[in-house]
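Okay, got some structures for you below.
Consider the two complexes below, in which chain A is the common component and chain B and chain C are the respective partners.
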Partner chain A sequence: MLHYTIKRILLFLPILLGVATITFFLLYILPGDPVLSMVGERYDEETIQKLREEMHLDKSVGVQYAHFLKKLAKLDFGRSYVTGEPVWDSIWKRFPYTFRLAVAAMAISVVLGISAGVLAAWKWGGTVDHVAMGVSIVGISMPVFWLGVLLIYLFSIKLHLLPPSGYGGGSPAYLILPAFTLAQASAAYVARITRSSMLDEVREYYIQAARAKGVPERKVLVKHALRNALLPIITVVGTDFGSFLSGAVLTESIFAWPGLGRFTLDAILKRDIPAIQGAVFFMAVVFMVINLAVDLSYAWVDPRIRTGRRSGSE
Partner chain B sequence: MRRLISKRNGMIGFFLVLLVLIAGIFAPYIAPYDPYDIDMDVALSPPTFAHPLGTDFFGRDVLSRLLVGARISLQVSVLARLIAVALGALLGLCAGYFGGRVDHIVMRLADVTLAYPGLLLLIAVMAAVGPSLTSLIIALGAVGWAGVARLVRAQVLSLKEREFVLAIRSIGGSPLNIMFRHLLPNCSSQLIVIFSMGLGMAVMAESSMSFLGLGAQPPLPSWGSMISSGLDYLRVAPWLSLAPGVAITLEVLGFNLLGDALRDVLDPKLSGSGGRL
Partner chain C sequence: MKKSFLAYLAVAFLGCGGGAQEKDVLCLALEVSPNKLDPAYVVDVAEGEVASLIFQGLVRFSPDGEVIPDLASSWEISDDGKRYVFHLDRRMRFSTGRRVGASDVAFSFKRLLSPDCRSPRKWVLERIKGADAFSEGMAPEIEGLAVLDDSTVSIELEGPFRPFLQLLAMPAARIVPEELFVDTKAHSGAPAALVSNFSEKPVGSGPWVLDSWERGDHLMLVPNPFHPAGSQTLRAIRYRIIPEAFTRIAEYESGSLDVLKIPSAELPRFLGNPSLSRRIQSVPELRVLYVGLNNTRKPLDDPCVRKALNMAVDVERIIEVLANGEAVRAAGAIPPSLKGYRKRPAYSYDPGASRKLLLEAGLGDGMELDIWQRDSPEGNRILEAIQGYLSEVGIQVRLVKREWSAFKEAVSKGKVDAFFLDWYADYPDAENFLYPLFHSENTGGGGNRSFFSSAEIDSLIELAHRTLGENECYNLYAKIDSLVYEEAPWIYLYFPKSFEVVSLGITGYRIPFLYLARQYEGVRKS
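Let's look at the complex of A and B:
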């Protein structure tokens, strides 16, 4: 296990460097002079020159890139062109909001997705199965930002039940709509994966053995089939959690949720390069770390993966 | 084809896609009004006989805009997927065939591309190059190649050692000849499946980017930007945001169902469901 962990972490580092490189060069080509946009209309040559030197904008691309990596290693993303605040501080300030939304969405996705999937597998081929799978394929096909709009229209404008947007000082009422919106596609996908991996398990001999010795069907499904079907479900849930945590740009922008996703979008609209770079890099790293954790936990649970004896795996 | 529509879901998908295709191709002929025609007298009219889906804040007919929007959505998604599949197939073919350093570089590049969550890379690219439909098509293609390349590489690796390839090589077939005349055609069913399964995702990505203001720019009637510009009128004119969403959902649903059915027919080994961001 230790060997496998070290191998995975070593594989992780070049990808991290790749992500940093792409993030740097993408925003390097962004047109416009950052110094001019910082000082605005009233400027004198001296200030501009000084700022330019401070930000290493007078150096070559290579030097700027090296400088970017050096600062990155110290978790220094530079200062925002707009607010002048260190980007790292703003990211840390926004992250708890994104985390809160991600946890709520994950809980909804797991509870709804797994129960719908188990129900569909239990009543396989019946009406419940057809309805659950029909709803889930529509759920996967529905754009998340539109579901948000639909929910605001129904629950805030028509029924006056829930607030349409904002953080509301942390009151749970403000969390419900964004969390459901964010969870939608994930829940639908979890339901499909749960159903199909349970149906795979049900064909195994140990399930027949359990049935033969008279274990009640409900217990067979939940205690035996579901438990063994959990691995693929954990992968999906883990990856989704990673992408929730890495800032739900769409959901946060509809509901004016003050998290990282909205921070990124604001930075893009204001062409605040250090903020965009910092946020994009941070989110990609969070996503990668969660994926790595999922892979490692997967290998920990299933020894066939770390010894590479599973057919079809890399 | 017959096997495809003999399945109920495939049939529904086929029908939905056909509907969007007809709307997209014939939009200029069947649209009741000019989608850019401003008529302040009927601004924000609710659905009526004259305007079946109502009008927007400039008095433009929503149904006409939706029909023309279908064309935008189809153009972007099909072209973006073509770029992604062509790029991915080429790189995957090279990686699988040449192996060694080429393989290493291509696969690490794919790893980096796939290391970004969901739309994040696309958002960053669009922020860098500036919003427009052409940039969006190219960016979507450039972001979508990695999955295709992995698939083609794996397929090439297993084909490369088969007798027919060894036979061609032994009679002196050039690498280019082997790659494009023999290996690539053997990946065609997988390529068709991955092309179509990605269409729903591309539609979703286009509308999401246009919704965020990073894709189609006004006055183009992209479904995503129609939803976002209707948001300010959600209280008085909900049809502005609700109608385009139904259109997106139906199109993505159509592509997903059709993609799943195609996969079951052409390549049952692939699993999972398409259309996910």
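Let's look at the complex of A and C:
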């Protein structure tokens, strides 16, 4: 296991180099001049030229790439063109906001999704199943910005129960609407995956054996079937968590949440190249770490993976 | 290491500081987050508004747009309009407690113009004698700038320039404390470059001090204890960064925002609600909306074609439907609230005459036109209407959306046929709507993005710069505006109005003529 983990971590390096290189060349190809984002509506060519020289944008693409790689080797993305702040500082300042939102959204997604999925599988073919799956289809299909706007309208403007937006200095009331908005699609998907995975399991002989032994149905479902149905659920949850941690652009914009998603969007709109490169690199690391954690958790959930045995090999 | 990372995650989840709403704190919203608050680098409206609260200039704008004393309590202007002597108000202090001296003024101006500073706004001071030589590194001092004594500064211009005082009221000409910029370069005689954290922790002598700044979330300003104005009745101003219009409205309606700028699409709903409409204030914006036509591209280089485009669009109807009738049709670039504006007949909506002009220009078979825009609700609505009107005279319009920097690059380099843009006054003078927009010196990045070029207009604008008599000068501006309008370098649209709704309990609030004039003096929140 340790050997596998080290191998996976070493694989991070070429992947990160690839991500950074693709980001560099994409930004080079895209139209738009970062210097023009810095100077307002009225400027003179001389100032533009001086800024371009200072930012090495007057050099050939090869020289710029070499300069970029040199800085990348030191994990230094430099300072934002727009704010002048070191890029890593900005990312570390924004990440806590995103982390908080992601954890809350994930908790909602897991609790709601798995409960609804288990319930639907348990009452398979009945009203509960149909309602749960109907709601989940709506959840998957509903655009985030639409749900966000509806929730603000209902809970803030009409019912005056929750604040419409902002971070509110960390008050949990401010977290509820954005977390729920971010979680909805994921929760709906987790519910569907849980249900189908559970249905596969409940048809297995060991479940029938457990029932025949007189194990209570709730225990059969939660302890036996759910545990074995967890692998695909973990995969979905892990991927969603990775994407939540990379910043949720729409949710963060609607709810004026100062996280990484808005930081990245602002950077893209202003062609703030160091900030975009730093943000994309950070997201790549987050995704790889989450994926590694998901893979390692398979072994924890399923002893067959841990011991290298395959199902049916005995 | 592991412990500290876990502690970081724990803090990340449990809370990141900041504060909830408080009493006597005026809560306002900004659409975009300011990037830098160092006056030398302030370029947009959000930055300008906040920097104007923190820093003082020699002069500033009153809520009516007049130039009034700020750091300077009085000034004299020589008869030839070239020499200005400013006497500083000796009561003015930076938020550190130190008195603002004449050397701070000289330092701030030298810093803005210095080659090391690379300020995009050095044009604000470039009319000072010797400014060019200094900013190119050819001279160690600015010839026209002199400190006469501890509280007197003299400025000599290359030539008379009537709106010079207004330039001095702009954020770029605000005064910073010299000691915060001293580094090794200062000893070599050159002003130091941007001190990296000055923008994060700006120190000025304005009525407000930056107390905290969470990027992307909020800025909190508290009164400058050393400012003599003494009319600050608020304990703090809290600017929240809220990018979405819907969210800003929701924040206002749930009572969390004290002032809301009403988006034009929402205006009928607000005006139709009696309890809200009583609290709505409006002011004509110093802004003109237009579709710039690239005057160097065929067939748009023909004034008849440009006039035909103006006659093909029913601007009155666009104002009625899309601006709720609350705008003034533009028959020139100078807004109605500025001296130099003259009411003149606009191009009449006449598709038949438009088609005839196009036919005479050899465009009987119609033409294709790309209009570039950056994505904005206002632009989308207006351009879709224009697209419809132009198709009626045989012009097939393709709307090209680009984000701001790609848009600006293409438009400033003259790579597009036409583009939708607005021009917001840097300072409230007709000159700011003529020289940047139509003088051939400013083609491209300078503001003249329609690449309009006329030797006659250039010389008239230059003459107006030298004309000191107020009436004479504004008559000249009116004449220039009229001559340019006859050439139809743009499809002229309208001058919009700005509407703000103020929450119950706020008294003394008034929308200023210009965003730079906001000071929140006498505003109370009960």
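Methods note: the second predicted complex is superposed on the first by the 259 of 314 C-alpha atoms of A that agree within 3 Å, B and C clash if a C-alpha of one lies under 4 Å from a C-alpha of the other, contacts with A are read in each partner's own complex, and residues count from 1 in each chain.
By our rule, contacts are C-beta pairs under 8 Å (C-beta built on N, C-alpha and C of every residue); 3 or more make two chains touch, one makes a residue touch a chain.
Keep in mind that this is a model prediction, so the values were computed, not measured.
In the superposed model, A:S253 lies in contact with both chain B and chain C. Once the two complexes are overlaid on the shared chain, A:K50 sits against chain C while remaining clear of chain B. In the superposition on chain A, contact of A:Y97 is made with chain C only, not with chain B.
When the shared chain is aligned, chain B and chain C each come close enough to touch A:L30.
With both structures placed on the common chain, the touch criterion links A:I108 to neither chain B nor chain C. Contacts of A:I157 after superposition: both chain B and chain C are touched. Once the two complexes are overlaid on the shared chain, A:V294 sits clear of chain B and of chain C alike. In the superposed model, A:V149 lies in contact with both chain B and chain C.
In the superposition on chain A, A:T83 contacts chain C only, with no contact to chain B.
If you count the residues of chain A touched by chain B and by chain C, you find the higher number for C. Counting contacts as defined above, chain A residues 30-31, 149, 152-153, 157, 253, 268-269 meet chain B in one complex and chain C in the other.
Residues 8-9, 11-20, 32-33, 35-36, 41, 43-44, 115, 118-123, 194, 196, 199-200, 214-218, 240-244, 246-247, 250-251, 253-254, 256, 402-406, 408-410, 412, 423-424, 426, 436, 442, 444-447 of chain C touch chain A in their complex.
Per the touch definition, chain B reaches chain A in the complex via residues 9, 108-109, 111-112, 115-121, 123-125, 127-130, 200, 204, 207-208, 211-214, 224, 227-228, 231, 234-235, 238, 241-242, 244-245, 248-249, 252-253, 256-257, 271, 273, 275-277. Taken in their complex, chain A has these residues touching chain B: 14-15, 18-19, 22-23, 26-27, 29-31, 137-138, 140-146, 149-150, 152-153, 157, 185, 189, 192, 196, 242-243, 246-247, 249-250, 253, 264-265, 268-269, 276, 280, 283-284, 287-288. For chain A in complex with chain C, the touching residues are 30-34, 36-45, 47-48, 50-51, 54, 79, 82-85, 90, 93-97, 99-100, 103, 149, 152-153, 156-157, 160, 163-171, 253-256, 258-259, 262-263, 266, 268-271.
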